[in-house]
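Given below, in the form of structure tokens, are the structures.
You will see two complexes here that share chain A, one where it goes with chain B and one where it goes with chain C.
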Partner chain A sequence: MKKGKNIRVLIAKPGLDGHDRGAKVLARACRDAGMEVIYTGIRQSPEQIVETALQEDVDVIGLSILSGAHMSIIPRILELLNESGIGDIPVIVGGIIPPDDVEELKRRGVKAIFGPGSSVNEIVEFIKSIT
Partner chain B sequence: MFIEKDLKEIESRKKEWESKVTSLIEKYPERKDRFETTSGIEIKRIYTPIDIQNMSYLQDLGFPGEFPFTRGVQPTMYRGRLWTMRQYSGFGTAEETNKRYRYLLEQGQTGLSIAFDLPTQMGYDSDHSMSLGEVGRVGVAIDSLRDMEILFDQIPLDKVSTSMTINATASILLSMYIVLGEKQGVKKEQLSGTIQNDILKEYVARGTYIFPLKPSMRLVVDAIEYCSHHLPRWNSISISGYHMREAGCNAIQEVAFTLANGIAYVEACLERGMDVDAFARRLSFFFACHNDFFEEIAKFRAARRLWARIMKERFDAKRPESMRLRFHTQTAGSTLTAQQPENNIVRVTLQALAAVLGGTQSLHTNSMDEALALPSEKAVRVALRTQQILAYESNVGETIDPLAGSYYVENLTSKIEEEALKYIEKIDKMGGMMKAIEKGYVQQEIADAAYRYQMEIEEQKRIIVGVNRFKVEEPVEVEILKVDPEIEKKQIERLNEIRSRRDAGKVKDALERLKDAAGSEENLIPYLIEAVREYATIGEICDVLRDVFGEYRELTVV
Partner chain C sequence: MDLVERIRSGNKRTLSKLITEVEYDTETGREALRELYKYTGNAHVVGITGSPGVGKSTLVARIVKELRKREISVGVVAVDPSSPFTGGAILGDRIRMQELACDPEVFIRSVSSSAGTVGRTTKNIIRVLDAAGKDVIVIETIGAGQVDLDVLNVADTKVIVLMPESGDEIQMIKAGLLEIGDVYVINKADLENAARTKSQLSLAIKERDGWIPEIVMTIATSGEGVEKLVDAIFAHKKHLEDSSNLRKGRLEAVKSEVVEILVEKLKMRFYEKFSNARYSDIFEQVLDKELDPFTAAELIEKEEGL
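Showing the complex of A and B:
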């Protein structure tokens, strides 16, 4: 666990999906837990998200996506993170992700996936445990 | 409504009863210190005539089909005709969705409701970089009129009513539907259906805006104005509380923000110089139905009464049809759980029952698997059967507004109306809904309510069966519908084919004329009709409008 400096979390909404309730609730819960939160807002391209992660020097990236486009968008973000030399920043995902895709995304390097009904307190604790 | 002598007697007897109960509670405490609705209205132990003593039957309830429409918008309600069973669907390509529609019509569904994919909703063609992974995902992909022709193959437009969940690009899809009608030999006057066309709520929930607020409002009014002249059976807007509710606001806020948006649209139409009675009867509404059974029923009744009063008193409408709040309901998707998904059938049943008792005109019942993926055919059928059981077996539709006169429901109805009106007054003071959105006020209210709701779940103050209590560890076994990953490729192929086959010169001319008109104050619908007729794509049309109008940048409120 990180000491001395606050955990910096990037919460991003990739793609065209506008369902931002979960992202906003988590952003606020992280903030209330003392983290510094950068929330991108909706409709972010993979390039924009990676650029923000670089500029803001974040410790963890949370991606929220409910449109079903995760298998196209998330691998692209992971690829860009690697290319930018920040592939070691842990990525977590929230949204509606079918079980087969969960396995595949984890195989590609996503640290954890939180589906509907997840407790935000558990997510906050998880973020603390990996940073 | 009651004789004064009786009320006094009831009051004194109630006091005696309360004192007995108080001593009982000291020994056996109630489950909670305070009982409340989802919106935070305190729920009393019992309700009596005292709680509705200020209510006037004729002024506050009246009769079905008459002002203030609390008891329903039609004189015979479900005795005359059952509500329209309208399941929202659409995925993948136009061919596949066409098959699903024909299946639903065969199964007894009485209206179509189209879900569009996100690129279609946001004005991107399927080959745009922002469309990556989104083509055909949450709805059907439409790039040009060609896709609409396939989508409605063998579905006669004069025989179905079609609801389109489309906002920023609503005027374009409406134009396509009109041209499609022409091609089938169906006149504009015969077309029946709805476009959502409610852009204001997109800025505070859901997020499918394209342009800044002002030009967006102009497009909305263009469609309302055009329909008021040419499509008498078309609902030119469906003012929607559903998405704000799903984003986290409560029942009171849902009524308040939806009607405040309605006020903004009416004002915009009046500014255009339209007569209120010329368009108001084609305004329609769309609400969610959540878990709090009685509060939801009261919500629908309160919304009807409040809207009728606003139209009559604030906007001086004369025709009763202009005061009627007709609405579609969808059961609340956010209440569905991924855990033990079969339980969702029960949630949906209760929500659907509340919607029917609240007097809805049409209903979508969610499928049990929607917290996991797009609904499978079997899950959709169970959802539709749920409505059919309510309609044909439960007998709940045989009398009108059966909960009228319930001390609790009437008290709650008045409470919701009062509280919603306070919000509307606050928004008025800010300068109306457009200003309130620009300030981020509505966004903040919704975010606060969503956060509160989640914290209640975390703290077990709110129980979600199967999620924070009564959990089981078992793998979820439901059949999951998968969208073919090849769809994006196929759709792009068709798009390219249409681009090469159409008359490029005519497309260019139509787009030029559209651009000029966008820069003027003319109604854009006739220009859009000409553009889509030449198979101009949604992306091309929106690019022209983006050039003239600019794009909206989100105000992020956490």
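Showing the complex of A and C:
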């Protein structure tokens, strides 16, 4: 009776900035695209994010970060994901990330990074393409 | 290690994956439920319902914290609505519970209310958490409509959350919510008129099977009253255990579940029969008003020897 499985996306904001507009807009866009969005809100620690991904069996993790702390927070999340045995869940990042850091984060395993000016549709389509 | 052992030993990845299988009612999920069934029935299931905005998520987070203070392990199933058009959903109950995310004795799962089968889905997710050894399982419902009652039906203790000014006396005497609760919470008790709401409520609820529903005043944002609420939940649990009502209630639930499975199977069988055009004449006649649906059903009953 059930239709095909819905894509489950975790949208979380690590770090200490409170600018959650982008995360919320994306959450709505994913919802309208038929996805189940687990939204955790702001100020999430890497541990909370990874535990949530584990318990909610998500297909994708979307991180929104504008604080500038991405080079310490995101590698830590990737590390914890691997330690928890869920390193296979793709991670995408949205926010303000300088070009040099973009390369480095991708090298470390982030699937895609969407900077200012990215279209919401582009992100939604990308999520669909990797799940 | 096989699946049962992994679940019983608390492997979160296995637990989480299995819940997805169970949610989508897959063959793997059903097979696992068959095996896990004998390990279920130990957890006390608490259902929390109330209108949107009344403070359910905040209250659930507080309840879980209080349970952890008492060294009780907890599973949480948080149900949020999904779009009837796209199936999409924003599952945001966790926002209030993220403090608990890293507690190894707490497992929280968000579920969307899709496909109208959420009652059965929730029941089976509870079973998985139960078999995984959680002492108490808290279900948070959406807070609206029949879906809520379907979900609430699987709970041993039903907690109804209200707030001051949530309705006049007539609301209080309407049928439904105020008949099924075992514990009533007036949350946001620091608002004006909380005492009046309480006195109106106490006039509306009555004893059922030897249990007089308790009314507890809480302020979920500060945690006030939550200890009393958890006490009331356990008082109700004890009442059920002492009065043999727990077994009686669960026996009814078992009966209705088996009937539900049978009905589902029959339904599928009928749809299969209908797909090969054997009865299309009858349906056409009903559509053209030459037959009424009751007679049509009787004709098919006779034809099938039922």
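Note that the second predicted complex is superposed on the first by the 128 of 131 C-alpha atoms of A that agree within 3 Å, B and C clash if a C-alpha of one lies under 4 Å from a C-alpha of the other, contacts with A are read in each partner's own complex, and residues count from 1 in each chain.
The definition used in the following text is that contacts are C-beta pairs under 8 Å (C-beta built on N, C-alpha and C of every residue); 3 or more make two chains touch, one makes a residue touch a chain.
For clarity, every value in this text was computed on a predicted model and none was experimentally measured.
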When the two structures are superposed on chain A, do chain B and chain C clash or fit side by side? fit
Rounded to a multiple of 10, tell me what angle the C-alpha centres of chain B and chain C make at the one for chain A, in degrees. 100
Between chain B (first) and chain C (second), which, if any, makes contact with A:G68: first, second, both or neither? first
Using the touch definition from the top, say if A:N6 reaches chain B (first), chain C (second), both or neither. second
With both complexes superposed on chain A, which partner does A:R31 reach: first (chain B), second (chain C), both or neither? both
Between chain B (first) and chain C (second), which does A:V102 come into contact with in this model arrangement: first, second, both, or neither? neither
Which holds for A:I130: it touches chain B only (first), chain C only (second), both, or neither? neither
A:Q44 in the overlay: touching chain B, chain C, both, or neither? Say first, second, both or neither. second
Taking the superposed arrangement, what is the smallest distance in Å from a C-alpha atom of chain B to one of chain C? 6
Doubly contacted chain A residues - partners chain C and chain B: 27-28, 31, 37, 39-41, 45
Mind pulling up the chain C residues that touch chain A in the complex? 12-13, 16-17, 19-20, 24-25, 82-83, 86-92, 94-95, 98, 101-102, 107-110, 112, 114-115, 117
Considering only the defined contacts, which chain A positions touch chain B in the complex? 15-21, 24-25, 27-29, 31, 37, 39-43, 45, 67-73, 76, 96, 98-99, 115-117, 119-121
Under the stated contact criterion, what part of chain A meets chain C in this complex? 1-3, 5-6, 27-28, 30-41, 44-45, 47-48, 51-52, 54-57, 84-86
In their shared complex, at which residues does chain B touch chain A? 118-119, 121-122, 124, 129-134, 137-138, 202, 205-208, 246-248, 334, 336-339, 371-374, 447, 450-451, 454, 457-458, 464, 467-468, 476, 480, 482-483, 485, 554, 556-558
